[in-house]
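The same subunit A turns up in both complexes below, where it pairs with subunit B and then with subunit C.
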Partner chain A sequence: MKLVELVLLVTLILSIALLLTFAYMYLTPTSEIRNLAVFYLVTTYNPQLPFYTVNSPEAVTAIVWDYRGLDTLFETAVFYLALIAALALARKLYVEATPEFNKGNEGLSVIVKTVTKITSPMIIAVGASIGLHGHLTPGGGFQGGATIAVAPMIIIIVFSVLYLLTKRVTTEKMLLLRSLGLIGIGLTTISAFIIGLTAGRTTYVFQNMPKFDAPLGLPDKLNGVLISGTLWFFNLFEMLAVASGFTMAFIVLMLVKKEG
Partner chain B sequence: MLDVIELALRIIGLGLIVLGGFASLISAIGFHRFKNFYLRLHAATIGTIWGCVYPLTGASLLSITLSELGTYRWFIAGASLVAAIIILILAPAGSHAIARGVHKAKIARVQPCIADLLDKDLCG
Partner chain C sequence: MTLDFINTYLMLILLSSLLVNVVLTIYGIFFKPHYTKKVIALTILSDTLNTFTVYIGYRRWVNELNPRPPILTVPPTTESIIEFAERAVDPLPQALVLTAVVIGLAVTLFLVFLGYILYAHYKTLDMREIRKLKG
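What follows is the complex of A and B.
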């Protein structure tokens, strides 16, 4: 057993040393920008290239939800499948209805409860800001949703999970919200296609801005405010779905009893 | 008149930042040298309140005077102030929760002890 551990350790150290010795020649970042990066940086917000641009100053969100939008859609699907699997695994292990719940004795002390009451709306506001400004500043739907999901987690720890359930934040409602978000993402992917169908023009599924052979796309500005076409809606629905999905997972994890 | 206010803000801001650095040093020494868990927690809280809230307030005041930053100085000032207030609210609650939880669960003993009125068994 000792020998195995020693061999493992030596192998690990040697392989890291090998990597550090030889791989740095290929991994050193260069000062010039590669052509692919130049393409993305030039086209991400450029009104002078109307058929190439995404009209979003945030290149990462533009790449994630426009240039490689299909990829992100499947990533989202994987996340929801993981959540569904978690729920399916725990489906007989938890009970949500607990009528005998007295408020005073549950959770941590009054100081922590008061601070949580002050800060949890702040957390939700920051998360919404990260999510809804995803096409302008670093962040996006997933990050915003994950930030929002911190608030119910803190409430679960500080007040107990039953407090959350008495406030009517149940897994059924979270499932409904999550499904709404998922349906929203699905509708956003085909929104340009539906517009093209009704107008009788050529458009594509997952199209955002107008293209050469499909000059009908989504508007980049709504009432003078930059929304970058589908990006804002993708971020909104993704935020909704991720926040409710994580909240549901936290509730289920906290409710699971040892003796099923 | 404006110059005087600017100078005062700059001096106060720099003073608060220096105070924060000094307090962080003291907090680190205390964290290393204090004898039991609760005292070390006290040192850690010195690091968050004196070492975070005061320098952030100082950075906020200082950035108001830096006119070469343009409009962005108001962003820096506001963000620093809000961060300082949030840390001021959160850090005591966090350290309180840790201390209370550890004491109630009887994990750490109060060890050089003069008096422990909450639980006599943990004393000494």
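What follows is the complex of A and C.
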């Protein structure tokens, strides 16, 4: 065995040992959780604490887009950069041309095509439901967008990628939708700040509900329906960005020529 | 066979299988020669670590009552919020895993395109061959 491989193996064993040492207190979960988690659970939907609460019954979405919203903003940036890097790598490997004539002979059998025609609108509806109810039920923009991106993938496999291009689902349009989603996320980030500027009161960037020193904020209910301030808008725009970004990547992936 | 013993036993089985998975996938990333197998091992490793993160936030059964997901399903009175905080699991690891999954998918797409470039350049994805070719 070479020296490099030996060093690698020893490093592997030592790092697993390190992981076990640090994870010792979590090996079997206890009945208590950390104080930070108790704080999140108590304040996530608690009208008795108006300056602490997010007014969202779903604690995970409250953490993702309010308590630790800046983290998620930068993770969206990482997602954006990873997809841009992937498309930049493939930029000379594919040709996107709309075919003039489509006989419908491509792809799988009639049964599979009919089932896909029925189920793909359902998939998109389920994804939209997961994304737009992210502040009430398990889910959110990321999961809803990933669910919606399944529908174009099935269509590509069943009908061939040219079918999507004849339906005018091109990478330019997906890029436009994705930019719309990212611009929406940016605008939602500074929405409370703009409200404060126009009203002449103190508000902060990335603020959602009213705070002690910034009594203005976004409403938690719109026409009697719970939207949890910025959370609903963040979920909507993140869903747009994720779904269109993955659709664009799938189209490019299927158009890449095999010989390069 | 109390409920407590069964809980501990099942959690230890889960934990040891996660650790075996970590070791196997790290071995796959470093010692498997083919690029695609390295990518597959990397995705399994990230899924294993996500599961481990969610496992850290789990909570033991209290008084024969199972832990609940961190979602308030009843009107937010003081009693229901106290009962919720006593039984719900830790939401923070789930929030961190949520974004990590989608970003992992985007990074996997990037690696797939990188594999295309590698294949177009070297006509092979075997790392031993690519190392021999030197540039």
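Here, the second predicted complex is superposed on the first by the 229 of 260 C-alpha atoms of A that agree within 3 Å, B and C clash if a C-alpha of one lies under 4 Å from a C-alpha of the other, contacts with A are read in each partner's own complex, and residues count from 1 in each chain.
The rule is short, and it goes like this: a contact is a pair of C-beta atoms (placed from the backbone, for glycine too) under 8 Å apart; a residue touches a chain by one contact, two chains touch by 3 or more.
Source: prediction; values computed, not measured.
Steric overlap between subunit B and subunit C is absent once the structures are superposed on subunit A; the two fit side by side. For subunit A, the partner touching the most residues, choosing from subunit B and subunit C, is C. In the superposed model, A:A249 makes contact with subunit C only, not with subunit B. In the superposed model, A:T119 makes contact with subunit B only, not with subunit C. Figure note: vertex subunit A, arms to subunit B and subunit C, all at CA centres after fitting on chain A; angle 70 degrees, rounded to a multiple of 10. In the superposed pair of complexes, A:G184 makes contact with neither subunit B nor subunit C. In the overlay built on the shared chain, the residue A:S109 is in contact with subunit B alone; subunit C does not reach it. Of all C-alpha pairs spanning subunit B and subunit C in the superposed arrangement, the closest lie 12 Å apart. Under the contact criterion defined above, no residue of subunit A touches both subunit B in one complex and subunit C in the other. On subunit A, the positions that touch subunit B within their shared complex are 108-109, 111-112, 114-116, 118-119, 122. Those residues of subunit C whose C-beta lies close enough to touch subunit A in the complex are 8, 11-12, 15, 19, 22-23, 26-27, 30-31, 52, 55-62, 69-73, 76, 78, 81, 84-85, 88-92, 94-95, 98-99, 101-103, 105-107, 109-110, 112-114, 116-117, 119-121. Against subunit A, in their complex, subunit B makes its touches with residues 86, 89-90, 92-93, 96-97, 100-101. Per the touch definition, subunit A reaches subunit C in the complex via residues 5, 8, 12, 16, 19-20, 23, 26-31, 33-34, 36-38, 40-42, 44-48, 57-60, 62-64, 68, 71-72, 75, 78-79, 82-83, 85-87, 89-90, 93, 137-138, 140, 142-143, 145-146, 242, 245-246, 249, 253, 256, 259-260.
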